[in-house]
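As written, the chain order gives the labels A, B, C and D, with residue 1 at the start of each chain.
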Amino acid sequence: MEIGLSHYLVLSTILFAIGLVGVMKRKNLLLLFFSTEILLNSVNIAFAAISHYYGDLTGQMFAFFVIAIAASEVAVGLGLLIVWHKRHNNIDLDTMSSMKG
Amino acid sequence: MFEAIAFYLFAFLTISMFYIVVTTQQALYALTALAAGMIFISAFFFILGADFLGAVQIIVYTGAVMALYAFGMMFFDTTRDVKEKQGNKFIIVGLSTLSAVLVVLIVSAPIVSDNIVALYPVVDGIGNTQEVGVVLFTKYLIPFEVAAVMLLVAMVAGIVLAGKKMDLSLTLMNDAEIRELNEEKNKKELS
Amino acid sequence: MELFLYTALFAPFVGSLFAAIFGASPKTIIAGIIPSILLGVSLLSSTVLLVHVLSTGEAVHVEMMTWMHTGNLYIPFGFLVDQVSVTMMMVVTVVSTVVHVYAIGYMSHDKAFNRFFAWLSAFVFSMMILVMSDNFAGLFIGWEGVGVCSWALIGFWYHKESATWAANEAFIMNRIADLGMLIGIFLVYWNTGTLQYHEAFEAMKHLDTGILTTIGIFLFIGAMGKSAQFPLHTWLADAMEGPTPVSALIHAATMVTAGVYLVVRSNELYSLIPNVGLFIASLGAFVAVFAATMALVNRDIKRVIAYSTLSQLGYMFAAAGLGAYWVALFHLMAHAFFKALLFLGGGNVMHAMSDELDPFKMGGLGKTMKATMILMTLASVALAGLFPLAGFFSKDMILEAAFSEHHFIIYTVLLFTAGLTAFYSFRIIALIFHGEDRHTALGFHPHEAYPFMIKAMIPLAILAAIAGFARPYYFDMVIAVLPETEYHIHSAMTYWTMTIGTQLFVIAAIYFAYKKYMSSDIKVPDGTSEMENSFKYKLLINQYYIPYFYEEFLVKPYRALSRVFWKDIDMKIVDGTVDGIANIIYNTGENTRGMQSGNLSTMLKWMVAGLVILLSLAVIFGLTVKYSGV
Amino acid sequence: MFDHILSILIFFPALAALFGVVVDKDSIRAYGLSVAVVEFALSLMLWFGFDASVSGMQFMEQVSLIPAFGVNYIVGVDGISLFIIVLAAFFTMIGIASLTDTKNVKNMIITLLMLQMTMAGVFAALDAILFYVFWELSLVPMLYIIGAWGGPLRVYASIKFFLYTFTGSLVMLVGMLFMAYFYFQATGVWSFAILDWYRLILPQSYQLWLFAAFFMGFAIKVPMFPFHTWLPYAHGQAPTIGSVMLAAILLKMGTYAFIRFSLPLFPDASVFFMFPVAIIAVIMIIYTAMVAYAQEDVKQVVAYSSVSHMGVIVLGTFAMNVEGISGSIFLMIAHGVVSGALFLLVGVIYDRRHTKMMDQFGGLASVMPRYATIFGLMLMASVGLPLTINFVGEFLSLLGFYEQSHIITLLAGIAIIVGAIYMLSAYKKMFFGEVTREENKNLPDVNKRELLALIPLAIITVWLGIYPKPVLEPINNSVEAVVQLMHDKAITPEAKSAIPSVIKKDETSTQEAH
């Protein structure tokens, strides 16, 4: 059985869906960050797969930059998280509602 | 054949790891499962011949990001569970599934596969790392540099944000003390 | 001649401006004298022009300057003095000079003396523009100008509610007719390409009868308003709220005859459409008898005279409609003299009686006001059409015209009206000057007017007496521009029978009036007598309920509808829709702000939902593109 | 000197307004007045420098703003816009001169000068984007005037005014962008210059849509029924000066834009929509006149009468012939003068009694005779008496439309009746009768400052009524060019026949001469 591009894309989609579930479901901010990592990684798989099956390096380049962005996001996000935690002593999403319109 | 087995194996592993991440109540479990999932993903990269990307995945994610999370978690009281009030599960799962199905529909449509032509074709006989290096430092030089600057900025930001008043724990102080602190600061600014 | 033309035209204007300068200051006698003198100048200039036109038979035509010029439209301020307009100019200047002089006395106790003369002279100026213009637009300027002056003069005593109401009524009713006139002017322009009388009438000869009929009807609607023909007649009686000199000048002698002038001026048009002419004649005859009946019972001197004016205007239209334009113009002239005289006499009576107008409260005034009595009786005789005064010649010609054109119904109606005219004229003469003295008991102390006022009336009296003899000369003059329609009754026998018969009929009516109203048992009616409760009397005293009808079915609904339009439609529906749309938008925002709960989880759910929608759209569009066969 | 006179006219008041910020509070009145006088003098110079026999644009200036999209700063005047610019400068001048002592006089004067800039800009702009910018900018000073100095409902009124007109303008902007795009498709060059657009002949279906888009913007500005409801609020709440500027100049932007954009750009669509628009105009004329009759507030009477008169202007515009369009342009000026004067007059009595309710007055003619006289003159002008300025415009507008439709003109002509009804009854309520109220017995008559504003208006009212030629002639020449352009551009046979050719008539007349 030959593994084609579609397999990878389906896998990527499944992982993305899991990430979405996590993003929507989790109330712990830290775990929310984890879920976003899943989202980013699932897309990375798709990039790499497409890059492979079309023999084009652009996909890999994109995946590469996605990783860079993910890393910076973690750095800044964690910093903010720590500040928030210091101030409020929790990282529960439901307690944050200062943006209520 | 080998490729198929590897694909399904790692697919199963990744999915189950990530499933644990989004379901478990324990932050530590989630962290561990995420790290494992990242490593398994790098396996796909290797299968796909993107050796360099796979290596970066392991180093950056499993090495740097996970370590960062681990350090971050030390600031939080992980034993204290965050109470996760759950809304309608059906909506969450339903929406996710629906979007997944739609994406699959779109990517499997014949129209997608016809229009793609390689911009930077993979050259046979040259190692993946070398190819990546060539493309990265020619065509993508500016984005690369921008990404580098962005990382630097993120690093500075992380340090500043997390390192503010390391000696004080605002959570352990009561309101009066915080007010005093603020007033002191204001006075300093005024003078 | 141009100099005289401009002098005749602008002297009243200068007088008006002069008086207006003193407009806001207290009474200055000079503000009355100077305009009167300037009117005299205007009268002299008009006379010079009359002599010129009579002697040379040529019209004087000048073009002062351009008024409007755009596209193909070219309207100048052009003035034409021909046989018709010079007649009108003479009438206007003579009557207005007399009225001005008279008014110096009449208005001497009024604190708005100066304002009165400013408006009165302005009126004369407008009237001169009206009659002297050489195009329809200029006519319209004068037409509206006299309307405004009439408005200001009817409402001269503006603190009186009835006066201001009457002023507005007159203006608005005239405006209705003016719209017809305006449409007529538009029709003339688009069909002939010009508004100059001469060129327009020339071009009309080649036009379709249907279009000409429309033009004729619309122009006549304009004439109906100014000349207060049915159904636009109610304003004239109400206009008697104005000072009496105003009634004499505007609402008897000049302005109300503008409609007749218009028809006479457009004789070339109306000659082409005899059907419309017949309609005009029929309406004229109808108004003649209609107004005369209302005059029979009215208990207000000025209103009686006003109805009489209306009735006489009906005569003029009857003549003009039958094609006897020169007869109409002749009657117009004669009528102006004796009717103005009658009004001024009425003004004397009013003054004497401290503005009391009910003739039943007078009686026996002839003893104290001999001069006025003589003048008014003279005017009434002329109005009744007795030989040898002016009315006889002019009115008789109208009857002859109707008879010889074989319009016997019109003839009969007009003949009957002649009897009514004699009756009501002498009814008020009898009630005012003869019979028992009823006023002393009511506390009135009448006195004769200033001698110079009486003297001022004398020229009018002379003209009313002798104008009739000028008929042959007049005829020779106007046939230069008007159709030469001589009326010859087939046999001398018929002619004499008719003339003498008419005279006898009129004398009988006069005798009847004297007999009925000289008797000593005339009392001030108190609404109890049998006659006053009869249906006929009620119908007549209420003016056939026409003002009532207008009030109930036009004015009130208009007022109510306006309110509905404002309160309900404009505020509720139109503005409500606008505010409704704004509210929908506002409420949408208000209701959807729940979405912005501030809870990241919820917001992320919305985001995913949005993603799903976008993806679905992508799929749907993809499928549509695929299967639509493009 | 004349090379940049239009730019000077536009930007001089703006600059002066900026400097006005640093002028001392006590001398701001003199400063503002002198700026306005200079501005008016400049506009008069423009008039005297204007060559009346030329039908095209004059004093053109062009500066490239965004070359890639063909957006340029192009200004120029022809007979159509010239007099509105002069009128705007004139009203700014007398507006500042007659300004009563309100709070924050300094802000008011600066705002008025800014408003003058936008007004001059709108009428001089020959580039759609430039036009749009000034068009929208003019809302801002007006919003401020109503919102800051208005009556109790001022916030509601100003927001309604702003949002309503702004919404319409956005639709218009979309239309402009489409127009530019079509121009790009046809020629391969981007251009927003109106004169370039004039050369473009569009298919009828495009014309209909674009006409509708432009119509939204213009109709709300005019304001046409049923988009007129912002006007009574704006007038009712605005201070006197605001109402004057709004009625005299700002409303004219809508009708001016019809002549500048809708007619020459979309001749076929204009003919197609002629009757619907004319019917709306007739509704405006009669309906708002009746609403005006029902009003209790004299300012609202004048406000609704404005809508009624704007109906006649719109009708004249859509007559599509030289008589009608000239008449409607003339009526714009006439209505500007007369309604401006009427609002000033209402302001006079409001300053004295602080009420505008007609039942509070009565018998004013004997207390304030000069006031009553000037009011009477303006009233007569408003009802369209011959030899006043309004008559010329109304007569020509109705005359022009009579060629298109007899019935509609007859209905529109009812304007002269209903106009007389509401105006006379308002005048009667205010000025006639006995003086019943104690507080009215000792009202002072118009003072010198008010006369300073009113007398020139009265003089113009009579002067242009008797001798309209100096204004009518340049208008006529420009309008002939517009009508000829429309005739040449029209593609449907109905439009060809509805729009007369100016040249053809001349040819036939010369042939007849042979």
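Criterion: a contact is a pair of C-beta atoms (placed from the backbone, for glycine too) under 8 Å apart; a residue touches a chain by one contact, two chains touch by 3 or more.
Note that the coordinates shown come from a computational prediction; the quantities given were computed from them, not determined experimentally.
The central chain here, found by comparing per-chain C-alpha centres with the mean of all protein C-alpha atoms, is D. Of the two chain pairs shown, A-C and C-D, the one joined by more C-beta contacts is C-D. Work out the mean CA point of chain B and of chain D, and you get 64 Å between them.
A straight line joining the Cα centres of chain A and chain C is 92 Å long. Centroids built from CA atoms put chain D at 60 Å from chain A. Our note on geometry: chain C versus chain D, Cα centroid distance of 36 Å, whole angstroms.
Among the residues of chain D, none is in touch with two or more other chains. Residues of chain A found to touch two or more other chains are 20, 24-25, 27, 94. Listed for chain C are residues 601, 605, 608, each touching two or more other chains.
Looking at which chains touch one another, you get A-B, A-C, B-C, C-D.
By the touch criterion given at the top, residues 23-24, 65-73, 137, 140-141, 143-145, 148, 151-152, 155, 158-159, 161, 164-165, 167-168, 171-172, 175-176, 178-179, 182-183, 185-187, 189-190, 558-559, 561-563, 565-567, 569-570, 574-575, 577-578, 582 of chain C touch chain D in their complex. Every residue of chain C that touches chain B in the complex is listed here, in rising order: 601-602, 605, 608-609, 611-612, 615-616, 618-619, 622, 626. Chain A contributes residues 1-3, 5-11, 13-22, 24-28, 30-31, 33-35, 37-38, 41, 44-45, 48-52, 54-58, 60-61, 63-65, 67-76, 78-83, 85-92, 94 to its touches with chain B in the complex. Residues 160, 163-164, 225-226, 228-230, 287, 290-291, 293-295, 321-323, 326-327, 363, 365-366, 369-370, 373, 376, 380, 383, 385-387, 391-392, 395-396, 398-400, 402-403, 406, 409-410, 413-414, 416-417, 420-421, 424-425, 428, 431-434, 466-469, 472-473, 475-476, 479-480, 502, 505 of chain D are the ones that touch chain C when the two sit in their complex. Remark: chain C residues 593, 595-601, 604-605, 608 touch chain A in the complex.
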